[in-house]
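In what follows, chain A forms one complex with chain B and a second complex with chain C.
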Partner chain A sequence: MTLQSILFFMEQLLYGILIGLNYSLMALGLSLIFGVMRIVNFAHGELFMLGGYISYFLITSLKIHPILAFFITVLALFILGFAIEKSLIRPLFTENLGDEYPIIITFGLSTFLVNLAIVAFGPEFRRPPRFAPVKVNLLLWTVSGDKFYAAIIALAIIIVTYIFIRKTKTGIALQATAQDRIGAYIVGIDVFKMNGLAMGIAAALAGAAGAILAPVFLLYPMCGTIPGLKGFVIIVLGGMGSIEGSIISSIILGVIESLGSVYISAPYRDVYSFLVLVAVLLFRPQGLFGVRERRV
Partner chain B sequence: MVISLDRKIIYTVIGLIIVVAAAAGGYYAFRPARVIKIGAVGPLSAPGASIQGIELKKGIEMAIEDVNEAGGVLGRKIELIFEDTMGMPEKGRAALEKLIKKDKVVGVVGEYHSSVVLAEIEVAHKYGIPFIDGSGWSDAIREKGYREVFATSPYNTGNAEHVARFIKYAGFRNIVCIAEDTDYGINLAERIGAALERLGVGAKYQYEVVSRTATDYTPTLLKYREMEPRPDLLVIAVTPPGGFLIIKQAYEIGLSPETICYEVTGAGDRYTELWPAVGEAGKYLIFFTPYNPSAKLTELGERVRAKYKEKYGEEPTYIVFNGYDCALAMIEAIKKAGSTDPDKIIAALEDLEIEGTRGIIKFSKESGPYWHQWLEVPVFTCQYHDANLRNDEATILYPEKFATGKLIRPS
Partner chain C sequence: MKISREKLSILIIFIFALLLPFLIGEYWLYVIAIAYYYGVLASTWNLLAGYAGQFSFGHAAFASIGAYTSALLVLNIGIPIPLAMLSGALMSMILSTLIGVMSLRLRGPYLALSTLAFSEILRIVLVVNYKYTRGDLGLSTPPLLPGVVSVIPYYYVALLILVITLITLRWLINQPLGLFLQAIRENEDAAQALGVNTNKYKIIAFAVSCFFAGLAGGFYAHFIQLVSPHIGALHEMTLIIAMTVLGGMGTLWGPIIGAIILRIASEYLREYGMYHAVIFAALIVVMMRFARRGIYGLIYGKIR
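Now for the complex of A and B:
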């Protein structure tokens, strides 16, 4: 093995980590929703797409500074997530609807948002202005500036979210709701408020991912489909509802995709993640970091 | 049994109504049609390429309008019935069934996605109805060898031949082609390789297949950045957004512009979509296109171009001309056949020779990818010597007789 091939391997690894960090924003939100509400949000990818478009129009049409546009986008998506929970998800808990209800309602929401985007924004590809230099020199390598800064911002958001969930009173209430909904309710936690908060944070994370990744991956009405799918793979891989699991699995997935497309075959890039998923489900059904659940 | 007078009257009236209704129905069913119906298909909504579908429709509509303004064909007006196929083969198949069985069209034109054309021509073949492929490039469409199917669209083998000739002309020596994982992409990459060999170019050529839906091509591109010697040309046979992402990411990792990108799906011509997506990475981009505003059109082509610009306030793309030409060929064949009988129209199409928007349209009888193909459909290779240029500001590099400048390599 030559020095050049080792450096090349390291570079691929680095790109895998950068992409993985970006995936983790999507996965973290999905994991939070599942943890707190025990539902899968099929419209999560479309919230990513909406975040991208909101940020794009704030920057290009209203000429708002990209950093301010980013925070407005996150806030807008938080409010939207809260509203979605209150109007569409809450009947699951208050009307005692079946388990299939969230699948149908979020799937319908996903289709609606894609078609809304086609009508409202058109099918064209769009790209917001760069928020970073084209290239960044990182140790021995030159990497894409957009991708690098997106990963750094993603890392910062992950750390803030993690601290919020693990260290603050509200975060601990969220964890309590995720652990035992009835128990949390008995000790005085407003579980409906926690539902709304979880959905709002998840939507805000998806919107943040959309805003920072729009210059990297282009915007179009169906641009949320693949990130949304990857998010599902990651949360199953990491263990449904596990925050740490989803972060680490995102990075694992990014690295597997990066190395797989170079050392095995590029067209199967999206297949690798599903192969790993099948293997994990076979040998460790609760996911890499999940805990086996026993119900009586 | 005794029937009262009142009942006799009622039965007589009902009987009369049935007879009159049957007579009227029979008359309407068998009366000579006052219009000639032509069917058209194309993607007008997602997941199909709706922008291209809408352009195709505009071109077809303009051809029908022109003919109707001139008095129609065989003393009758043409009625166009357009079906949205959404880029889905099953929708295309259903659209053809509806157009042929319900609307009774005498021929069908259009379509953009090759996979949809392949489904549609099975229906046209089953009913013996002429079909002119407006913008499906796949060789598989021609290789079916159906007598009902004709093509005014560019075709993969012809396009690959053009790309190979340009590579030879420009003197590239080490070429890598990135192809999407579809029949179209793989077929195109293979045909380019075959054409390079046939022309005896002697350049090193390899292709790699990538996922069309991927969003990050960096790992694959890094491999070619590290290649010794580094490729001098990166041929991109991936439709957008993948193709645009490859152009952008090749630039970000420093592979291009030293390795020049050559977009061969025709998307490089769509500058209003290209520049927002790739930005400065598009400087020096070479692109294959079936049309360039700087290229000479026929007299008809110039009229269509002027009318389109007046009507829609923008320069037509090649898809508008594709749409116009396929509709025009069908109408002229009806005129030549002097009949709306499908067999006679097919026979007329086989011997047709008319002036289209970009040259004389006639269909080859050579088998394989050339079957019923307009062989001389013009194609070009152009270059954006700077970022954010319109397609009419791009330099035509090839064919030589149309060239407006020479290839500019980054210094």
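Now for the complex of A and C:
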């Protein structure tokens, strides 16, 4: 192996980590929702897409500064997430419905948002303005500036969210609800507010991901499908509901995809996630960081 | 001999369906034949979702497995079309059994997640292997009934497939299997405690429903004579779910009613373009939120 091939390998590894950090915004939110409510939000990719469009129109049509636009987008998605929980998901807990309810309703919401976006924004691809220099020099390598800055912003958001969940009183109440819903209710935690908060935070994270990644991967109504799917694979890999698991698995998946598309085949890069899913289901169904809830 | 009211109404509907070609024009007959295709998909998806409480987002994808298997066999090897359709159905059943064995032994939304990933991956694989599938352009396939220009014979084939599907479903539901599935939906722990091999029955339900999806897909391929990744796309899945939810989940007739209504509705909504997809998706959300029993549930509730 030559020095050049080693450097090339490390460059791909670095790219994988950068992409993985971006995936982690989606996965962390899905994991939070699953932890608190035991449901999978199938509309998560569409929240990503909405984040992208909101930020795009704020910047291009209203000429708002990108940084301010980013914060407005995150706030808008937080409110949307809260509203989705209150209007659509709440009956699951108050009307004693089956497991099919959240799956169908979030899937319905997902296709509703996609088609609404086609009608409202048109099916064409849009490229939001870049917010980063084209190339960034990083020690020995030159990497795409968009991807690098997106990853740095994602890392910052992940750290803030992690500290919020682990250290603040509200964050601990969220964890308590995830651990034992009834127990949390008994000690006076407003579990419904926690549902809304989990959904709001998750939506805000997805929106943030959409806003910062839109310049990298073009914006179109279906652009959330693949990121959403990656998020699902990651939470299964990390262990459903595990916060740390979702972050670490994001990076693992990013690296697998990056190396796979260089050393195996590039057009299949989105297929590797499915192979990862198959492997996890076969060999470690509880995920890397999950615990087996029961053995019957 | 005393005929129950249910049997009488089934008989009347069946005779009506047989006479339909004499009542409406070719255009609407075509629409109804397509509605029967969706009826097969919706009612077999309903066996899984409505009766067993297991969620697959891959039903349209399994239909496209049936369609592509059949089309590729006919085009490359030249075997007779009915045999190719059957092979497509079996292929769909084999793949679904593999996915079922993997993800149905786990509790929780694993089947939904893996079938969603499966359908998205299948789309990519079909588009990337341009050499065999001609990607998004699709393959043009020979007709099921060579030399037949009229829609009427196709209509009867579609009706036949639908009737076979419904008879099989009705038979299955009244078997112990059907009761086991409903027990699994209501309470999997209790079912297991009473000695039901829940994994086995969930996998059987999944395999059976995908067999019919594959068969319907094969028919569709040789009926419209074009196989494209569109057959397995997620918006088709949305349609299947919307039909089932509108008609009534967990009922035998609901999905068929939903399929026919939505198929006719999409003809009328055609001029509004993409808006009809928005309406159908909104329909899923609104029906689930406010009228979970669907049309069949509402009517049946009134009669009783």
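What we mean here is this: the second predicted complex is superposed on the first by the 294 of 296 C-alpha atoms of A that agree within 3 Å, B and C clash if a C-alpha of one lies under 4 Å from a C-alpha of the other, contacts with A are read in each partner's own complex, and residues count from 1 in each chain.
Assume a contact is a pair of C-beta atoms (placed from the backbone, for glycine too) under 8 Å apart; a residue touches a chain by one contact, two chains touch by 3 or more.
Treat the numbers as computed from the prediction; the structure is a model and nothing was measured.
Per the definitions stated earlier, placing chain B and chain C onto a shared chain A by superposition produces a clash between them.
By the touch criterion defined above, A:Leu218 lies against chain B but remains apart from chain C after alignment on the C-alpha atoms of chain A.
In the superposition on chain A, A:Phe289 contacts neither chain B nor chain C. Of the two partner chains placed by superposition, chain B and chain C are both touched by A:Ile118. Once the two complexes are overlaid on the shared chain, A:Pro267 sits against chain B and chain C alike. Applying the stated contact rule after C-alpha superposition, one finds that A:Glu11 touches chain B and leaves chain C untouched. Look at A:Gly98: by the touch rule set out above, it reaches chain C but stays clear of chain B.
Of the two partner chains, neither chain B nor chain C is touched by A:Tyr23.
In the superposed pair of complexes, A:Ile226 makes contact with chain B and with chain C alike. Once chain A of one complex is fitted onto chain A of the other, the partner contacts of A:Leu88 are limited to chain C, with no touch recorded for chain B. Of the stretches 9-17, 117-125 or 135-143 listed for chain C, only 135-143 runs into chain B once the two complexes are overlaid on chain A. Residues common to the contacts of chain A with chain B and with chain C across the two structures: 114-115, 118, 226, 267-268, 270.
Chain B makes touch with chain A in their complex at residues 45-47, 50-51, 181, 208-211, 213-220, 222-223, 226, 240-241, 244-245, 249, 251-254, 272-273, 276-277, 279-280.
Every residue of chain C that touches chain A in the complex is listed here, in rising order: 49, 53, 55, 57, 102-103, 105-110, 112-114, 116-118, 120-121, 124-125, 128, 185, 189, 192, 234-235, 238, 241-242, 245, 249, 274-275, 277-278, 280-282, 284-285, 288-289, 292. Considering their complex, residues 39-40, 42, 87-88, 91, 97-101, 103-105, 107-109, 111-112, 114-116, 118-119, 225-226, 229, 232-233, 236, 240, 267-268, 270-271, 273-274, 277-278, 281-282, 285, 293-294, 296 of chain A touch chain C.
Interface residues of chain A facing chain B in the complex, by the touch rule stated above, are 4, 8, 11-12, 15-16, 19, 114-115, 118, 123-127, 130, 134-135, 142-147, 217-218, 220-223, 226-227, 257-259, 261-262, 265-270.
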